[in-house]
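In what follows, chain A forms one complex with chain B and a second complex with chain C.
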Partner chain A sequence: MNPTVPVHVTRIHQVTPMIREFTLAALDAPLQPFSSGSHVIVQLPVEGRIIRNAYSLLNAPYEQHQYQIAVRLQENSRGGSQYLHENIQVGDTLNISAPLNLFSLNSQAQHHVFIAGGIGITPFLSHMKYLLHAGHSFELHYACRDGISNAYEDMLMQLFHDQVHIYSEKTQRRLDIDALLSQQSLGSHVYICGPERLIHAVVDCAQMLGWSKKRVHWEAFSSPAPGVAFDAVLSKSQRRIHVPGDFSLLEALEQEGIEVPNLCRGGVCGQCATSYSQGEVEHLDHYLTVQERSAQLMPCVSRAKQGHCLHLDL
Partner chain B sequence: MTVQFNPNENMHDQFHYHNSAKAIARFPFPFPEDQYMYSVNIEPVVSRPDSIFEHWFDVDEHYVTEMNERRLTLQQDPKRCIIMPHMRQASWDFLEMVMLRYAEDYPEHFQLERDGLNWHWVNQPLNIDVHFIFGQADSLPMEPFEFISRQFQGDVALLDQRDGDLFMDTGMITGPADWSLNFDAGMSFKQWHAPVPKLAHNLGVFERALKFLLNIQVGQPYRRLNWTMTINPRMDTSSETYHLWGHERGLVTAENAGELVHLRVELQTMPRLARSNALLFSIRTYLISLNDLTRNPAWAKRLYRVIRDLPEPIAEYKGISEYREPLVQWLSQFDGVDE
Partner chain C sequence: MMEAMHSTPRYQTVETLQWNAPKYVLVLQHAASAMTRQLTEMSKQHPQTVQLMLDSQQDPALAGLLHELETVLQQEKAGVRTVVCGDESFVWTVQQCLVGTGCLDEEISLIADSSSLQNPRKKVYCVHCGHTQHTVKDELCSCEQCQVELLIRSHFSERLGAYMGVCANAHQPMGALSV
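This part shows the complex of A and B:
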């Protein structure tokens, strides 16, 4: 279903004490070209299992020979970022998916307003390099912490001085979302990538100001959050599987050799939607409608509510 | 692979069109069963040697004929080519994809040399030899999309992907099966499919198809076949020229159906355009007279059953109702047992 390509790591650059940039080049076939905003899924062998994390490509889409990703070391995570930080060396091979874009630029926007929180800067780096080439208008608002999550701050200030606004202790500035959105013209679209609370704050503010939903775009870049363990009964194949707390339902199914079509693994693309007949679901996706949720769930992010067992049509 | 191009064909007015034995053998017969019903019949593009599925974009013996038809149609009606300004990147993506694929798959006919952004393109069948700068529109004699589409066998639509939907924002459509680019331009996926019979909508095929198309990845295209019927080997059956071909449906009799009626099959290929994230929707049309088609006894028998039992709304939508009776009568000779 999802063919992977092997790539090798040609360069590792420590961007901040917490963020590492990896440059990836083709091993066999040439890399597929991509559009700005695309991500790839990187497979990481951690403690006897494969963790699949999504990372945005941050280089210019015109660079055909390499992909670049930047990885923030996440504490309290399943170990994927830690593996990349501590185990991966220049010359190592990684397996990645083809690029997929769920955070593309909207062709109808006359002006693009980017809001990044911390490592959420990565897709915007690619967008800005593309827009610079295409000659379109944009501005970036980047909230970060000095010496931790302020990746590429200096480069951004040099390349895009007039379009970039940094919010940090050093700059002594705070992002005023309401003021920022209020001054935009009707042709502006806003894009947010960063922590959930930043996304919510901007989405809510845009709604309050009467912005059409079509002008608001966001990407949550989180891996599936660990939860409580539960069991799932597979009605068609008459099996019962256990889903440990640090496995997503999709990962547990894969571990048992059960293939479910999937792409983004982040609750966005809708590809892995699966029907269920029993059990209460904690829906964590951003795709299914309220009606659809009564009969379908997205196993890449959603889980059973505490004490429930799910019956899946698999 | 060397293709022998048929000389002196024409697909309008007096009609002079011929399918070789090879073309008949490789014709994409679209019916896997004795009945036809709408479905999401999308499959990954996997090469099948010695078939129309060998390459992403099939070039066959009618290439020069069809490019000439296209030139004449555009002369009559320039609105068969519509390019919206925000599709510039997608246009270059499409040009690159066609040149790379044609040069790799048909090196005897097409050659591409690249030195950075300095490209040299040779199209031997159409006597085109140009040096240009990739990405720089004024280095070509016309808009890049129009330039390459005039050399691409099959109709082309570039679909902009936004708001969880696809929009027909650029295209060159000179051989549509009774629709109009000028009418559909700018429409969303559901809007341009609105005329399809209700039963297809009720089956939910458009919701599923759209969801599927939105997630097509770079380098992993999908394809499907669609079909209808056309009287005479006419390439341009667009809404704009209905007055030229609509009445021909009334000419079909149980005697002349084999000669007049043609099965029209579209091979639709849908690759992701990499840098723009637009989706290419290419439509390669194959036309075959029923006289030629029914040389294959299995096809003849199946076609009879499909047409006989075709639900009326589908027959009506495809424009077959008017001559279904004489057609079925003619086809019945190929089915010994009438179940």
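This part shows the complex of A and C:
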């Protein structure tokens, strides 16, 4: 299990009306080093429970004394981002996990093509600062909305003018995925972070062009979507637990003191995959294959279908 | 050859090629082989195909072919598929060149033409002295550099493009030089 690291908030910066940047520094032990593309899980006490949200680190991996995250205020969500925006002040303590990287750069790539949608810019900030230092080739394509999700636009244009392409109302440009991918040479790898429809569009286009799946890398942290409440029977421990609509199955298990190994809590890393024997599952992860889904589920995001009770091998 | 293991290469066959990518490059070792003729025929159905053929089985010809291949691929865009057909020694030499230019495994089809060729060659890496050599032998060969009699294992290194050769007789650890 990923141990908890207490950190304190040393700076809060309002990047856009919707996006706040938090700088975190060590409290007890020095911070662990990280590679570009890493994220941390931040624990947020909201309404008597702990919500765990993943945020990419956006500072350069050479800066070992601090972590920086940027949080977009999400409306109609479980309140984690709202808590960070409204309750957290400079000097406060937060509990986070050690950094983990599920979105690292491909070491064989000769050119890195980054595609960001809105707040999905954050892991690329770290990648670009690293690549600038390492002297490797890259370009950024950033689709955003002026005044809302165009975080760091000015800084990016200043630092990386020739490598950055902004798509917004202001620039009057639209991202043409097919044109962008069609012109890539054999040494290029593409990375996407942003809304699911953007990821799908790029993945589908790459497939049409004959690309190997391993040329396309993406990261999508979806907080578990609230759903319908259901019950789960734990076959091995002979218990029955209730999963409220605004709890993920993983959170409900943790609430009952049942530890399931987990890392990303967003349906991508595969750590929490759990076997089940009965019940119909609404699979919401990006990890399990169709075959695996008949016997396994990922409790961090997946739920029972309406009216079903799940029997888990726990 | 010993029993296949996890690292033993599994080659594609002419029949399982999909021909569904926008563009193909064919790299062929023997103009006269049945598989080459079959591939050439199939590729005529696909409008976007480039074909490179080895014109002699001598080493300078291979170096020339690899150079030509690199030149072709530098002009190509990501997504081009490569089909390589020849003996194992040939397909893995070409594969290393392809990987070096940025092609990924799924974008490369290797077809081992071992059945229709006379004396198909493969590469063997001597784990004792680190020498890589070509051989037509199946089970045993002698290391050209350290003379150890090698058992050709089915354990294969994709990085080296070679099967692992280990001392076949522990009582003769120096091969022919053992007394």
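Definition applied: the second predicted complex is superposed on the first by the 314 of 314 C-alpha atoms of A that agree within 3 Å, B and C clash if a C-alpha of one lies under 4 Å from a C-alpha of the other, contacts with A are read in each partner's own complex, and residues count from 1 in each chain.
Quick note on the criterion: a contact is a pair of C-beta atoms (placed from the backbone, for glycine too) under 8 Å apart; a residue touches a chain by one contact, two chains touch by 3 or more.
Quantities reported herein were computed from a predicted structural model and do not represent experimental measurements.
Looking at the shared chain after the overlay, A:Ser35 reaches chain B, while chain C stays out of its contact range.
Of the two partner chains placed by superposition, chain B and chain C are both touched by A:Lys214.
Of the two partner chains, neither chain B nor chain C is touched by A:Gly194.
Using the contact criterion defined above for the overlaid structures, shared-chain residue A:Gln110 touches chain C, although it does not reach chain B.
Counting the residues of chain A touched by each of chain B and chain C gives the higher count for B.
Once the two complexes are overlaid on the shared chain, A:Pro3 sits against chain B while remaining clear of chain C. Shared-chain residue A:Gly266: touches no atom of chain B or chain C. Looking at chain A, you'll find residues 108, 214 touch chain B in one structure and chain C in the other. Against chain C, in their complex, chain A makes its touches with residues 108-110, 181-188, 206, 209-215. Contacts from chain B toward chain A in the complex involve residues 86-87, 89, 160-163, 169, 211, 214-215, 217-220, 274-277. If you check the complex, the residues on chain A that touch chain B are 3, 32-35, 37-38, 61-62, 97-101, 104, 106-108, 130, 134, 214, 263, 269-271. Interface residues of chain C facing chain A in the complex, by the touch rule stated above, are 20-23, 73-74, 76-81, 101-107.
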